[in-house]
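For reference, the structures are reproduced in the following blocks.
Paired with subunit B in one complex and with subunit C in the other, subunit A is shared by the two complexes that follow.
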Partner chain A sequence: MAAKRKKLAANLKRYWTVYVLMLPGLAYLFINNYMPLPGIVVAFKKYNAKLGIFGSEWIGFQNFKYLFLTSDAWIITRNTILYNAVFIVVNTVFAIIVAIILSELYGKMKKAYQSVILLPNLISTVIVGYLVYAFLSNGSGFLNNSILPMMGKEPISWYSEAKYWPVILVIVNAWKSVGYSCILFLATILGIDRSIYESAKISGATKLQQIWYLTIPLLKSTVVMLTLMAIGRIFYSDFGLFYQIPMNQGPLYSTTNTIDTYVYRGLLQLGNISMSSAAGVYQSLVGFVLVLGANTLVRFVDRDSALI
Partner chain B sequence: MITTEDKVYQAIGNAVMILLSLAAIIPIILMVTSSFTDNNTLIQNGYSFFPKKWSAYAYEWIFLSNRDTVLKAYGISAILTAVGTILSLIITTTLAYGISRQGLPFRGAITFYIFFTMLFNGGLVPTYMNYTNVFHVKDTFFGLLVPGLLMNAFNVLLMKSYFVSSIPGEILDAAYIDGAGEFAVLRKITVPMAKPIIATIAMFTGIAYWNDWNNGFIYLVKRTDLYSIQNLLNRLMQSIQALTQNTNASINAVEGLSQIPKETVRMAMAALGILPIVIVYPFIQNNFVKGITLGGVKG
Partner chain C sequence: MIKRALAFALALAMIISLAACKGSAEPTSQDPPSNGSAATVAPANETAPEAAPAEIKKVIVAFPTWVGAPPDTGIVQDAMNEILSKVGVEIELQISDPGSFSQNMTLALSSGEQIDVMGSLMANYTSLVTQGYLLDLEKDDLIGTYGKGIVDAVGQEYIDACRVGGILYGLPNNRDMAVGRFCASISTECLEGIGYTPKEALYDRVRITPEEFDEILAKIHDKYPDKETLRVGLVSYMQCNTADFIGGNAFGVLLDYGKTLKVENTFETQEYKDWCKKVYGYNQKGYINPDIATDTTDVYSLLGAGRVAGFLEQGKPGIQMQDVAGSGIPMTVFQMKDDFVSSSAVAGFPWVVPYTTADSVATMKFLNEIYTSEELTNLFVYGIEGKHYIVKDDGLAAYAEGVNAMNVGFSTISWAAPNQFLAHVWEGNSPNLWNELREFNNNAAKSAALGFTFDPTPIATEMTAVQNTYDEYQKSIEYGFVDPETAIPEMNAKMLSAGLQKIIDEKQKQLDEWAALSA
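Our next item is the complex of A and B:
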């Protein structure tokens, strides 16, 4: 015991400068991530700006009760989970297809393709909003002026009809993310030992058979890992995608409102702190359970890929 | 030996990839052609890849009557990106270095303190209240710089695993025995040996700062003069007035430019917003791809 303490003291003395080095980073996490945590209690209070978070009156679970009595709670939960689920499936399928095609191509173009399809990932969501607007704008959008008339169809007022947005948002998300996700699959494929393809060829396997029986099974663990991690984040949505791309249009809320946009609007546009904070806590808690659950599964599948 | 099957596959593969590459850049092309369209033509015929009448009037209008607003927003974005990336690298590297030191007492507890922020967060409401009521970042440059972006646990853990796996602890210990302090070890041994990961994180952080609109959106309420290019673009979507509000007088002063090309100016501004990314991209794309692979191993 005494020896242990002595060793600790010696180590503390030896490493004290390391603690000094770490201080700014630790302090930032304290400010950015830990200091807000006590503020979570605002969800259990009747918030009064004059009294502040801690001076406001306790009202127990009433904010939650009201939140779950509205149809909003169901809509934002459904939208958040369903969109994420579809994103996971669509992005994974497309990314795998692109990765397989790229891995089999010869020549220099391969790299050029990869760079080009990755470019949308570097564009800010605000600008993506502009790009989508150029296609969908009611008055002068490309679809309403060039594509729909060509097909003999009437113009659609995209920004006031909610039913089209699930498709639009899935396309926009895929446009932005497939280039990014395919890189990981491509790296996995390029790591596969080429000699197994040679022997498959010699045994007479066609290209498609090689892809189906060799490449895809070998991608399985990467797919499982990435999917599990995405499921861990299924309760969080990309705020920019759901706020900027539909231009915050009221008539679209039924298909574009997610937990994150709901919390934002409640806090900064409607001044409805109680509902907003209740939804926020709901997201934090369920999100926490899901991240932990997913990570446990990941660790079970592949120890090295787990977060910790 | 190239078989017929190979040739067919190459042809189909190239065709598909050409289509996908087009799909990736077509929206950007539409934006650029629209920005060079005559405003009345655009109102009449809509956004088009082949406008009937070309015009650079939108850009002329921006540069002649609103140069100051746009240049200022560019400047703020540039300063924000530079300052943010440098500060972020410093605190990320020093923290990662600390938890990479095997003998450090309480190393496990500190690592968990960092890791926990990836599992749980208080969400927007408490974070907003903390930053506005305690730190008063509302309507300051700090509102753009600090919340959320300055450092994240993921980058710290990524850098730490790079340090652990590619810099042998013996080298560090030997340096220590030779009398080098921890700071000297970090500066002279760890940082030079970890250049790839530092460059990668610098790049991702830089892009995050350049593209961020969220902080300005939330924390800049009155000080629209602190708008980054993204915030200016965001406001511009709602109203062209955002661009002209500070320069009302100068518009009328510029002869012949009194008419605002409302539709095309939006796209011209968006094109100006993308431009720096498009210019830098060819230089960073290799590192970008490598960086994604590196980060992908852990999430």
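Our next item is the complex of A and C:
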């Protein structure tokens, strides 16, 4: 214990400027993420502005009821979790593939490719919604007017057929986010010591073997870390993706309604602060439990890859 | 060494600037509890109403306009303050666009920021009341002492219609309270094309029967097969039936223009079925755009471009002028059902005083002035005479020279103003428009529940579930894409399992209590 404290003191003395530099970040974290925490009680109260958050009447779990006591509760929970699970897998696989391809590229065009892949991530979801609409619209869509007739198929009413949307949403989400998530993998790959590859080459490893036996195993800890962080948000859904891309169409709800869109639609009329906070508390609690669970599992399998 | 010193200096600068940020942020984050408890106590000034008028009190007035704060807000505000100085009030106009208004207000009010007067358009009056944001306007006889002019301007009957649980939280504004149910606006050019000559319009609307209307649509569709014959919308059923939508939603209504206080399930009525069948027929015949569920293009621009022949709406005196101005082409408005004042029409978006007001007396003095002064109202609605608008020889207002709708330096949503009837009538309308609107309001059928405000908090769980179900089915059924014979029972069954009956029962219970209280 004493040795530890001594070490800390020595570290403080040696790296004090670094610690000082850390202070603004810590202050930000504290102000933004910890100071509002007591406000969580509003989810258990009947909020009244005159009495304030802490003065309002306690009503227990009443604000949470609407999330569970409806016929849609199962659908929205299932959609949220399944979509996020698929997103985690699909996005990670594609991001790694893209990152490896980018890392093997040399020359001037590399920067251009990188920018082009990143571009979809910078487009607002509303606009993406209309790009998708340009493909799928009944009267003027590209698919119904050009592609499907060319293949000799009947036009499909995309915005009233729920069964197509799990595929459409996964494709749109991958197109939109792969460019961004591949950056971290690319950085990890570029950080790998090149001499390892050179010795592999000397031992006669082919390019594919280098990727399979070197690059991918070395990416493991990054993959685990990013996946763990994504699991923490598995109960949140990307509101824009599930609301704007299907254009808020009722017939598609069975495959596009998630916790966030359900809460939004339901509370648009009521405007109830306590009920929306309840949804937030529920989502973050489940996320917290899942992240701890997944981390424990990882630690059990491979201690070095776990976060804590 | 220099590098280290520099790093230290930088870090220090960051910390200091951060500390400064935190210092300035502190008061706002600390305010709500203290302000919250202070607001329940009457402001000290109230005990000395006749204090020297030399002391100018600041009143912050927040409301939305379509485009946010107009560029000349400051000039208009100064002109209004010149008039208001005689009652010892100085106002500050806080104008937002519709998208951010409600959010801005929730933020301001929940953090205790000073707002003295608020237009509740787009801010949901009932929700403001149930969350405790608003001041009782009759506390210490506030309105009786300082706001007598308001009662005279809008009438006690309409004031009483804004009570929630017997307490007055808002002031209604003067506008069209009634609506002409089941109106349709059709391009006059298309009517001429099919050789139809409409009867004389009364207050802008031609009365015809639904059967005649169907004939007109059939002829237009034959003559102009490329045009979308009729555009329907999400609110079309609400605008075209005879029910009173209690609380502004379809879950539990009073039938037949609200003649009795019996809450019924809309989705089980013959009227709903007939309406959906009618639209289903329209859709089968090709009157309706197959992309309508996803098309959000403004109907006026489609009319102007000749893509649409007509659309459904609710009518009022002046509606034709509104449609002509919007679409830029001649329009004829038909009406097929009666004029009606629904229970929630009056208390739709009253002017309210939030609990964060700094001085409720000065605030009421300002409200009294804006409800009674022609000069203030014209400033508030149109801006400065000669600069933003002019008054023509016939007494009608028009844009000043070189000014148009796009570049005008000041304008607000005129029908949301406290007392629009004091302003000049805009050109193109009947010079007698305000009297026509008064007559229209007075002659319309009135719901037996007029003045009842529904509090949805006890059944909030059911509301979210039923609303989600309605969203799921509404467009398919009410745009006529599915056969109502099978789809309505399916939706109704799902809504009932989501708690629709509980909402209806709660509405009935509150309505009965309200009726007992007002009897």
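The definition used in the following text is that the second predicted complex is superposed on the first by the 201 of 308 C-alpha atoms of A that agree within 3 Å, B and C clash if a C-alpha of one lies under 4 Å from a C-alpha of the other, contacts with A are read in each partner's own complex, and residues count from 1 in each chain.
Please note the rule applied: a residue touches a chain if its C-beta (ideal position, glycine included) is under 8 Å from a C-beta of that chain, and two chains touch if they have at least 3 such contacts.
Values in this document were obtained by computation on a predicted structure and should not be read as measured data.
Colleague: Quick one: classify A:Phe239 as touching subunit B (first), subunit C (second), both or neither.
Modeller: A:Phe239: touches subunit B, not subunit C.
Colleague: After lining up the shared chain so the two structures overlap, which partner does A:Phe135 touch, if you call subunit B first and subunit C second: first, second, both or neither?
Modeller: first
Colleague: According to the contact criterion defined above, which of subunit B and subunit C contacts more residues of subunit A?
Modeller: B
Colleague: So, A:Ile117: does it touch subunit B (first), subunit C (second), both, or neither?
Modeller: After superposing on A, A:Ile117 lies in contact with subunit B but is clear of subunit C.
Colleague: Scan A:Ser195 for contacts with subunit B and subunit C and give back first, second, both or neither.
Modeller: So A:Ser195 meets neither subunit B nor subunit C here.
Colleague: Tell me the contact category for A:Ser203 with respect to subunit B and subunit C: first, second, both or neither.
Modeller: Neither partner.
Colleague: Name the contact category of A:Met275: first (subunit B only), second (subunit C only), both, or neither.
Modeller: Only subunit C is touched by A:Met275; subunit B is not.
Colleague: Per the contact definition in the header, classify A:Tyr66: touching subunit B only (first), subunit C only (second), both, or neither.
Modeller: After superposing on A, A:Tyr66 lies in contact with subunit C but is clear of subunit B.
Colleague: Is A:Tyr262 touching the first partner subunit B, the second partner subunit C, both, or neither of them?
Modeller: second
Colleague: So subunit A touches subunit B in one structure and subunit C in the other; where do those two contact lists coincide?
Modeller: Touching subunit B and subunit C on subunit A: residues 17, 21, 24, 28, 31, 35, 52-53, 133, 137, 139-140, 247, 263, 267-268, 273.
Colleague: Can you list the residues on subunit A that touch subunit C in the complex?
Modeller: Interface residues on subunit A, with respect to subunit C: 17, 20-21, 23-24, 27-28, 31, 35, 46-55, 65-66, 69-72, 133, 137-140, 159-160, 247-251, 253, 257, 262-263, 265-273, 275.
Colleague: For the complex, give me every residue of subunit C touching subunit A.
Modeller: Touching subunit A: residues 4, 7-8, 11-12, 14-15, 18, 22, 25, 29, 32-33, 36-37, 39-40, 102, 106, 109-110, 124, 127, 131-133, 249, 289-291, 293-294, 355, 456-457, 460-461, 463-465, 467-469, 471-476, 481, 494, 497-499 of subunit C.
Colleague: Report the residues of subunit A in contact with subunit B in the complex, numbered from low to high.
Modeller: 8, 11-12, 14-15, 17-19, 21-22, 24-26, 28-29, 31-40, 42-43, 52-53, 98, 101-102, 104-106, 109, 112-120, 122-127, 129-135, 137, 139-142, 144-146, 175, 179-180, 183-184, 187, 206-207, 226, 229, 239-240, 244, 247, 260, 263-264, 267-268, 273, 276-277, 280-281, 283-284, 287-288, 291-292, 305, 307-308
Colleague: Show which residues of subunit B lie in contact with subunit A when the two form their complex.
Modeller: So the residues of subunit B touching subunit A come out as 5-6, 9-10, 13-14, 16-18, 20-21, 23-25, 27-28, 30-31, 34, 42-43, 45-48, 90-92, 94-95, 97-99, 101, 103-105, 110-115, 117-130, 133-135, 146-148, 150-151, 153, 156-157, 181-183, 186, 207, 210-214, 218, 230, 233-234, 237, 263, 266-267, 270, 273-274, 277-278, 281-282, 285, 288-289, 292-293, 296-299.
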